[in-house]
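The structure appears below as structure tokens.
First chain written, first letter: the chains are A, B, C and D, and each begins at residue 1.
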């Protein structure tokens, strides 16, 4: 059994990850830590794990966590992982960090979008971006995985085949995404009050969302060339899920059937990406509570623009499910264990 | 034009009341006050009043409010009205208080349910309970109206005809009510976060909700005899509206058609109560954004229990609409003006 | 491996049951039948089973189903099971019927509520009511299990301890229940159109819902005495879940702590019933997508009425999960396999 | 009093229009017709008009409608208006057609997108496209107004200032829109069943929605030059409202403050368009149940793309409210009467 610790167990991401870990046949959860005043029973905090565990969560010493874990998941607010990840790495533990702290290679961008100086530049070089569909081999040997953001997961899976295939045409890639409200985290705030959010649709952080540089960096690496991106996230009244529609300029010679063949080929061995055929289009409801990303691609032939639609569950493929997928790979387990 | 002031203008109730007042042809809003750091434009705070007003809301001196108003609406948290209402009454102003501060005649119950001593016992004697369907004549001459709570409005309108008609049988009256989430007020709190409330149903304050003594008092007055009540409120994932189902023991001799005739007769001249005939049952959606209460009554003849279903919009007939209805009556205006 | 067939695989109940069966480690789904024009891939019909199965569903001959199954689940409209169940029973197959066809022992009531004559009276005697918490031993040896209705499951689990414990006082038991909209089945109908149902609350089939006689029969058997029931179901805008609040007259001598102790004792070994302690009250969100029933009990001591709140997922503990639980028991498997 | 008839009174659009007309101080509704088996009371069909009207709706002879109306609103399925509008126009009546039948000037496109031949080409020349913000003068003297589609209203109001101002750069205009579910009309269909639509997000009619040629035509006329458009509509789980995000290539020299100034100037006298300043972005909730369109514009200076967000209520500014606005203009009334 792999022994796993989870730090930051009381948010939506932590809850979802705990729920996945507890049902994983080859992983044992041996440490749960969070900023709590006193130990809390996880079964009381999150009743759906009742019957699965009698574990409590407390504010643990890092050393106590390290002493009983092979791998540690950090489900912490951005900037906190910076100070904690090194501790575990120094003691030979594997780390999957669900925050943004080890995603951006350019520390100036990190400072610009997250408001603090990056204090662990040396670790950035060791960190592997944990999108298995494009970086599986690196993840296999990684000790520090930077788990992708929810929007970046949907955008990179959606645009990746075009970028990697060298099919980008002129002009910026446009990503228009819609998210459910768990994306905002498990804390009370008026904009996410039911009476404010129900019956509402709105755009937010228009043109300056913190996931923008992460997407630009990763698509740039995939295509080995700079990518221009316009990213606008929207909020809709549902609990969980992201639907991202991409408008990608492509070379004029490309045919729609070539695009579809490219996507099918790119993802044909991927257990968690489902390229839809025929008339079907992705639906959030179909991927909710799963680690699946549904994708469909169409061509606007007159304008030479590929339209790609991708759907994920923001808490699973967009966070905790992908973290577990990375853990499976890092630990030499079957990649899909605990995720079907 | 009647000149009206509104104190506590920034909550859901205040917003709704302002929206109603601004479209009222014979009322002019002359003062808006709330606990704000600096003056805020109402059009910015509540965009749906844009175009209707350029008023700002600020933390006003009470004297400044009094100097420009004939009537003052208090949409304040419970216990705050206690200290403010006397000021306006002393200056000859009419007051409609939307809080619970002048509803309970028994100050011991007030202390038990609201946690503070009642400091204005003398005013309690002058306060009129503002349910026009049963107290219209008193409201006409009142200077202080205690606007009913949302649940009590639905329960008293639902059970009133039976109680007043002397048809109560043995055993407690059971009120099982379901509310939308604006009932919790316009403030961030985790239980009302969209991701917590959507897809959820729950009971709360089971057997000890603060509206219980208000209902018991008012039904007792209507029937001139003590009433026993079991009241359980529930929360469902919708924005606004209350659906209350009452289970009322009745005398064994009563027939269903007599019950229906009683309700039709009791409410036949009421502009805001709609007794449904045939197979129709009340729906929250049909009363939403209106001052209407829909009611249907059925008899379980084997058990001698009348089942009454009542639907209202908690923010309108359950709060702001009823406040305006009371204002219309107090000021000698047509009762329905601004409410159709 | 147990070989299982599912007839009526294309509704919400069938979908949920298929999803559970496909992940069950000791059951193999060998036949899927429904009224379809041509064979349909289940992965296409219900994308969330993609990756779990390549099975298709077609309109199969009953003999073909029988030839490859040990147990058959009937997720069919009421009255259809009557003609199909005997076929499988005659061939020595076990049957779990999710319809109401074998629940009511009084065929006159069946005719009254379901509109057809019961043609299989002899099978009624063999049928076992599939609520494991109260009939586990009979289910173990049953060949035909009548899987309980969704509302009856919540009401009987909620009131069962009081009834069985002989604590019922005078007067009818009142069950006020709220359901999500999957309860209406997977077929288009205007009342369940999103735009009609969202933002709405309503009661329906007031005093004449078809689950009433089922509850009365089963509670009567548990207590060995007739039970009087007033049952009013309500609809709220959520996908799935039932919250039932029961108002049960109890003997005047009963104390609240005795009630709580009774419930805890009654369910202490039940894997799927969670009696909540302290201040906690059941929430639909906590039982959603699980086979759990959450229950809390309180006493209105002044009125001698126990108030019991019970929450289930209508599609799981209220239908498919309970069907699988029954199957596990009938087949000698661990009762919780595939349900945690 | 203007006498108005409404044909097709039983859909969501008809209901909303009736509700607006009944409260209009200078319009009297004199005829209500729809494909109903027998006359139905509007108060029974749509309870929120109870108290406002005792009118019934029946399948009326066109002549009877004509004999009592000055203006007729056609809230009919596409292709039906073709055969009905000429009747009223021949009798000197004004017509506001809410269908698409008189919007497209190119009958080949009409046949392509609506599947039938256009039989009234001569009327097409008389028809005026009813978007008052850009065609007020023509509407004033029109006898036949083609009321715009819901998506086109949001897209044209959003992009109009850029197009008319000659600021379009190279490349297609991208319109990514999200709608609530009333957009699908008031008829039962499985995709709009609450249990299918709640918790879901999806794109539909990707690249071939029937509103595409309408937008292209109208923007082309505004700018006097062909416009290229990529339009993708999405569905989210809310009752009503459209949020449209436009990605519009602009000339490289344009500054963001110029864009904002252009929008403010373009709409400064428009009673129903609200250009948001500062950090504010449009919210569907703020325009719901109003005839308002909220708009914000930003510039992605690096990519020379203007991002415009527009929000409307699809049933009001996107249909019935705009129809009434057109009626007010055609009849010489104040344009905002009955719409504030």
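Here is the rule we go by: a contact is a pair of C-beta atoms (placed from the backbone, for glycine too) under 8 Å apart; a residue touches a chain by one contact, two chains touch by 3 or more.
On a predicted model such as this, the values are computed, not experimentally measured, just so you know.
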So the chain most remote from chain C by C-alpha centre is D
Sharing over half of the contact pairs with C-D by residue number is what counts; pick that pair out of B-C, B-D or A-B. A-B
Which of A-C and A-B has more C-beta contact pairs: A-B
Mean-CA-position distance for chain D and chain A (Å): 39
Would you kindly tell me how far, in whole Å, the mean C-alpha position of chain B lies from that of chain A? 47
Using mean C-alpha positions as chain centres, tell me how far chain A is from chain C in Å, no decimals. 37
Counting only residues that touch at least two other chains, what does the list for chain D look like? 180, 198-199, 237-240, 283
For chain C, which residues count as touching chain B in their complex? 171-172, 174, 176, 178, 180, 196, 198-204, 206-207, 228, 230, 232, 234, 236-241, 243, 245, 247, 249, 281-285, 288, 298, 300, 302-303, 305, 307, 309, 311
Enumerate the contact residues on chain C facing chain A in the complex. 23, 44, 47-48, 50-52, 199, 271, 274, 283, 286-287, 289-290, 292, 294, 340
Contact residues on chain A for chain B in the complex? 12, 180-182, 186-190, 192-195, 197-199, 237-240
